[in-house]
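Following this line, the structures themselves.
Next come two complexes built around chain A: one with chain B, the other with chain C.
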Partner chain A sequence: MKKNIQMPKLSEQMESGVLASWNKEVGEVVEKGEVLFEIEMDKVVSEVESMESGVLEAVFFEEGDEIKADEIIAVINCD
Partner chain B sequence: MIYIENDSTDPFFNFALEYYLITEKNLPEDQIFIFWRTEPTLMVGKYQNTIEEINQNYAKENGIKVVRRITGGGTIYTDMGGWQFSFITRGQSDTIDFSKYISPVIEGLKKLDVPAEFNSRNDLVIQGKKFSGNAQCMLNGYTLHHGSLLFSTDFEQMVKCLTVDDYKIISKGIKSVKERVTNISDHLTKPIDTDTFKKLMVDSIMQGSKEHYQLTDTDLARIKAIAKEKFASWEWNYGKSPKFNITKTGRFDGGKMEFKLDVNKGKITDCHIYGDFFGTMDISVLSNALIGADYEKESIKKAIAQGDIKQGFYNINVDELADIIC
Partner chain C sequence: MKKKPEWLKVSYNKAAVEEVNRLMAKLKLNTVCKEANCPNLGECYKKKTATFMILGRTCTRNCRFCNVTSGAVEPVDPKEPQHLAEAVKELDLNHVVITSVTRDDLKDGGAGHFADTIRAVRELNPGVSIEVLIPDLQGVQRDLDRIIAANPDVINHNVETVRELYSVVRPEADYDRSMAVLEYVKKQAPHIKTKTGIMVGLGETDEQVYQVMDDSLKVGCDIFTIGQYLQPSPQHLEVKAYVIPEKFAQYKKIGEAKGFHYVASSPLVRSSYRAEEALKEGKNNDLY
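Let's look at the complex of A and B:
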């Protein structure tokens, strides 16, 4: 099963944030609870943990991109 | 909340202390407070492009340290005329909140009759001028909030360090926002020195509590190791910059030379050279020599200090070339 990973919304006012770094590459195995990526918004850097275990199948943005909250940024294949 | 006295003015040590408390120490208390200062230092945000933000030559010539934070935001200049405060709190909230960390600071300043308030960028201002920048990170189950307080900082030096040479650079790094600044000491009704200011602020924020933790020799040894391996390293401070493209132009007696460089993880990954200079060598020898070098003066000098490059250009020497490229 494939799961979409969304840009998290860290505050009520948050409209977008910067995808600051990918901690995993496409094709890599991701365990639930591992840090998948980091985002920066309003001078706050946050680690975002994966909610799924599987293989990171696709990423749609690169480091430095500004992304709207809730937008799909990656896909994890959980099979 | 417990207080940790930290007299170190070494920014690498001080950032290593925060990092150690967050990633290794795991003290039982829910909140730790530290109030510290640094020798002249440029502190760059975690995802900024260091060379885009600072005047590297000025910093080097004047012994100003450069360090990347683990928190977001822009670049600030700090010196012994200012203070930094850190709150390390167990737990990561799902939402961002600066006010609970900044309010105790505003309360402390009110006791000194300083009319401080928030602005929309989570900075603290007096009459619209910034005297405190704040940033956070959420790491290893902790929230780190730290901020700066300009008390009697040397603004002339600050401006010189943050005035970047005029060259073209394209990157996706987080950009700093220039704001007008002011020193707290200019707004005091009764003058006090920087040490008295520290004591008053710590007493106010700790609300009279004497709860504290004393760093042990074991703690100090680990913190010093982290400072050296991580925060003082070129890899962390420059190599971590997001990839960027930079154009540098030099005018020599032998002609004009323009370098267009791609830099990724601190290394030159592509290089194109243009100009009207005279040379006996195919220019690709120079560009190929540069590819793979760290984007750092010494590394560049080493890369181009080869016999045929040294003699290859009319009236242009290796040191001049390195000064232009980086």
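Let's look at the complex of A and C:
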């Protein structure tokens, strides 16, 4: 099963965030709880843990991109 | 936006954050973690701990560093003390930190509500240590007495910054009044631990930081916290410097040598961050 990964809304006021880095490459295995990507926030950089285990199948944004909250940024193949 | 140094990285687990958020919504409670957009929210919520914020989500003051909304305030929820006590039970906390917005509009500044909350938490959760992080209550001793009478384990009141930066950072507060609050609590109830803290990175000098330590010790303060100021939004005060971790370690060493029972000092320290450890660490050192 494929799962869409969304840009999390890290605070109530957050409308968008800057993707600081991908910590996994496309094709790489990712375990639930591992850091998948980092977001630059006003106060800090947040390391976002994966909610799924699987293979990172696709990413739709690059580092430095500003992304709206809830936008789909990647797909993980959980099969 | 200044580039964040490596040490300002925090973890975020969506499921843990959503779980605590759900509980707070169910019990109609607020957390300062969420309202202040605290960088430690992910870590604390994952450990199922939070700092409750009573008396609404809106503050009557407008400090330049703070992310809490200011403006027209909400009516006080009389069920809040009971709901908060239930949340402490549900989260199975050993130590609870309760803070509030500043309510200069209320006759007692919210002191009675604080006292009711302390009592409700204690009644439902005997054995839980209670820490309150209070506003200055305009220095009114009668109001402070109401909180002291409820007998929390720790009374924390933050001076927030050095005296020299008050006009910029806390224009509606008064450094001496905050020190007087700490002094009064200690005099009235020496067994209650007192605690204060500051943010650094706002342009203060080392000498000014050490002066706050000296002033706090002079009024009998037991626990001191120091953390990096982080700008909540472009509309807030700018970060003047990202203080390096080694400097925080130096502040801790000097603060404890000066006489504090415990100093928590590192970039992501907030006054309620790992508050239970601050209380226990002192105890383990036979200081309490």
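Throughout what follows, the second predicted complex is superposed on the first by the 79 of 79 C-alpha atoms of A that agree within 3 Å, B and C clash if a C-alpha of one lies under 4 Å from a C-alpha of the other, contacts with A are read in each partner's own complex, and residues count from 1 in each chain.
The definition used in the following text is that a contact is a pair of C-beta atoms (placed from the backbone, for glycine too) under 8 Å apart; a residue touches a chain by one contact, two chains touch by 3 or more.
Treat the numbers as computed from the prediction; the structure is a model and nothing was measured.
> Will chain C clash with chain B on chain A after the two structures are superposed, or do they fit?
Clash: chain B and chain C overlap once superposed on chain A.
> Look at A:Ser21 in the shared chain and tell me whether it touches chain B only, chain C only, both, or neither; answer first, second, both or neither.
Touch status of A:Ser21: first partner only.
> Which partner does A:Lys43 contact after superposing on A: first (chain B), second (chain C), both, neither?
In the superposition, A:Lys43 touches chain B and chain C alike.
> One more residue to check, A:Cys78. First (chain B), second (chain C), both or neither?
neither
> In the overlay, answer first, second, both or neither for which of chain B and chain C A:Met51 touches.
It touches chain C, and chain B stays clear.
> Touch test for A:Glu63: chain B only (first), chain C only (second), both, or neither?
So A:Glu63 only meets chain B here.
> If we overlay the two complexes on their shared chain A, which of chain B and chain C does A:Ser11 touch? Say first, second, both or neither.
After superposing on A, A:Ser11 lies in contact with both chain B and chain C.
> Could you give the residue numbers on chain A that contact chain B in one complex and chain C in the other?
Residues 10-12, 40-47 of chain A touch both chain B and chain C.
> Would you mind writing out the residues of chain B in touch with chain A in their complex?
Within the complex, chain B contacts chain A at residues 45-47, 70-74, 92, 94-96, 121-122, 133-139, 171-174, 242-243.
> Where on chain C does chain A make contact in their complex?
Touch residues, chain C against chain A: 1, 4, 8-15, 34, 37, 39, 42, 230-234, 268.
> Where on chain A does chain B make contact in their complex?
Those residues of chain A that touch chain B are 10-12, 14, 18, 20-21, 40-47, 62-65.
> Spell out the part of chain A that touches chain C in their complex, as residue ranges.
Residues 8, 10-13, 33, 35, 38-49, 51.
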